[in-house]
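Have a look at the structure below before the remarks.
When the chains are written out, they are named A, B and C in that same order, and each has its own residue count from 1.
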Amino acid sequence: MIKVENLRFSYFDKEEVLKGINLEIYEGEFIAIMGENGAGKTTLIKHFNGLLKPSSGRVLVDGIDTRKTSVASLAKLVGLVFQNPDHQLFCETVWDEVAFSLKNFNYSEDVIKARVKKILEILDLTKYSNSSPFTLSGGERKRVALASVLVWDPKYIVLDEPTIGQDYRQKERLRNFILQLVTQGKSVIMVTHDVEFVAECHPRVILLSKGRIVADGPAEEILSNEEFVNECSLELPQISKLMKALKDLGVNQKIIDVYSAKSYLVKMLKR
Amino acid sequence: MSLRVFDGFKFKKLNTPIHKMDPRAKFMFIIVIFALSLLFTNLIGLTILFLIQLPLILLAKCGKKWLKTMKGTAFFAILIFIMNFITGSSFAFSLAMTIRFLTLVSSFSLFFMTTSPDDLGLALEQMKIPYPLVFTFTTAVRLVPTIAIDAQTVIDAQKSRGLELEKGNLIKRVKNFIPILIPLIVSAIRRSMELAEALESRGFNASKKRESYITLKFSKLDYITLILTILLLIFGIYIKLYVSLPQIDLPIKFPTISFYKTFLKS
Amino acid sequence: MNEPIIHIKNLTFTYAGLEKPSIKNINFNAYRGEFIVLTGPSGCGKTTLCRCLNGLIPNFYSGEMKGEVYVCGLNTKEHSTSELAKHVGFVFQNPENQLFSLTIERDVAFGLENLGLPKKEIKERVEWALKVVGITHLREKAPYELSGGQQQKAAIASVLSMKPEIIVLDEPTSFLDPKSALEILKVIQNLNKQFGITVILVEHRLDFVAQFANRIVIMNDGEIALDGEPSKVLTEEAYLLGVGIPKVTLLFHQLKQENFKFNKTPVTIEEAAIELRRLLK
């Protein structure tokens, strides 16, 4: 479990970015952290692997206090995938790039070989093993960045804006992949403002605004709530807007995704 | 000396008379302070030059940042003092040299904290420096904080993959900078490409004749400053040539080798 | 009115150093005042096509270009990018890398200074562009002081001040939160409706933009696969090409499979609500 207790944080002597966050994230949970730009989302997730230490309060990862532990140790539990893969790619081959973290964690050569091979297969990157990561397309580079974090099999996987610039198919693939990870018992935490993507995934949604948590609950509850959504510079999912337009017909207002909408409407129409 | 000392050279937009001044007038003032501080070796003279800047720094609301810069350069300041003192100079002289160093740092810090790169660029342009050169300069200045943020992101990303920058012997530490440098350089190149594309699309270099939308004009304050600056220069030269300033000193001298010899003999 | 403002004939382009062409056999006409959304899976050639519209291809990006591109009557092979910039404005994805000055006002003036216009005219156009986009109150601000949405508005104003007849926008809302994204799209819609500026908007998230477009062009693998009115183009076929058709449209395709009948395939929420209302009564 990741436990956040009364977390307050400000950079140097500037204004407070996080104003008292209390949060519990359990194993095997799928969470979307959403909120307007500047709400503190990225600042919050950087506390999970110790990149940032609390100004006051504390963050415990499986009982370990992040204030007293190095980023390298915490990284073994919490894998953080940054938004822009170009901020981390530097190796001559995709293979080396993915193996980099395992070398840092001092795994043996045999284990490295096995794990890198496996993750490249899972993410459909085997054909690029010997290619330079710089020659790949944007979407492929994002997959390499993801592979280079998943390769050490962290318990908690944190994704910062994983859907920006991705086309529909890439997002579908990502969604299925995340759901697979969750079934395997991993916790997946994603920071995003892609409302439609979240609506189709049904994670637990935590809404951050101006450094505070304003809402925490299932996606259907949070994303169909106009007040919450407006406070955080988000929009209601399209399906939700449709349901709202038909409110007077007594339609269920908590439906946010296409599949549920279809099932519900088919039932209603067949009556 | 941490990177924080560079904060003292970073422009911040504030609404003070100093910020609003024409950069050319400010620059004249800095140059004169520079010249005079080189001219004088007297402790009192240099201290006065140093103190002249303090009300200006306060007026520009840059006091806190200036203090940080002073703290940041303390190491070098002390070094200068020691170097002078050990090689036999008097206490007063060594102190004077330290103050000269701090005066120079302060004056340039004051200039850069109160002058936006855009205004600086305009000043250079109006001094007939070719526009593409000026643009290169202002863009470089503009990109410094952006690239600094990129650098921090790259470091964070690699630390999150288990990279430990603090550990290992010298060779390992140098090697550990490759995962930082390469993404940084690649990002910088990508950024430049995007900027270049955007520039092309906005007609950059389309016309040889380029009239700037905003031109710098001297205000009353700028003229007054210019006149005062010239008077200061004249006054300073006069003092140097014709007035002997009192010498304050402490009767301390760094023990020289001959002193040790005599000490050991006895 | 019947002369296309963009006329592309048999266009094929291969970037220098690559073996395969990024776009092939493109034949495309756009007419004054259209609001065209250009979309397609990653790598389909959308960005490459856009670059051909303002001369970045072939002037900035080298490679082999076959075929002809005419924009506002000008052949892009025979005119510099800066000349074409008077007719075609380009707004890029990342707001940070297309704002050059330390104040928004100067950025909006930047393109006009480049064109060598006299100061008086620059001043008039800057005022106008700031007002149309609704950011006059931000004129003294520096780009880094603004939110992503405000920065993109500034970028649009900077392009608008050059009074182009066509504005091309390459995924301008990628980095923006949903609220800002919609604001930007409304600004663009206003430019199209009020000033008749032809808009070419590249976007993945059709949920947001389908409602504004009067024409959608879907590319795939370097070629134009579908081209026409939104309700005609956003079909099963588009979905199978990997295009993220609006959720309401997807819903209706699925309901059609359950044998429900509709008058019109909805592309916007309003249209969907009307259809459903009819069915539910």
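In this text, a contact is a pair of C-beta atoms (placed from the backbone, for glycine too) under 8 Å apart; a residue touches a chain by one contact, two chains touch by 3 or more.
Since the structure is predicted, the reported quantities are computational estimates derived from the model, not experimental observations.
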| item | value |
| --- | --- |
| Selected interface, A-C versus A-B, where C-beta contact pairs are more numerous | A-C |
| Far-end chain from chain A, centres as C-alpha averages | B |
| Chain A and chain B: spacing of chain centres that average the CA atoms, whole Å | 43 |
| Centroid distance [mean C-alpha coordinates] between chain C and chain A, Å | 29 |
| Interface hub residues of chain B, defined as touching at least two other chains | none |
| Sites on chain B touched by chain C in the complex | 13, 116-118, 139, 142, 145-146, 191, 194-214 |
| Partner chain B, residues of chain A touching it in the complex | 46, 49, 51, 70-72, 75-76, 79-80, 82, 84, 86-90, 100-101, 104-105, 134, 148-149, 152 |
| For the chain C and chain A complex, residues of the former touching the latter | 40-43, 93, 147-148, 171, 174-175, 177-180, 182, 204-205, 207, 242-244, 246-248, 250-251, 254-255, 258, 260, 269-270, 272-273, 276-277, 279-280 |
| Chain B partner contacts - residues on chain C that touch it in the complex | 54, 56, 59-60, 80-83, 85-86, 89-90, 92, 94, 96-98, 100-103, 106, 109-119, 122-123, 126, 142, 144, 158-159, 162 |
| Complex contacts: residues of chain B adjacent to chain A | 150, 153-154, 156-164, 178-179, 181-183, 186-187, 190 |
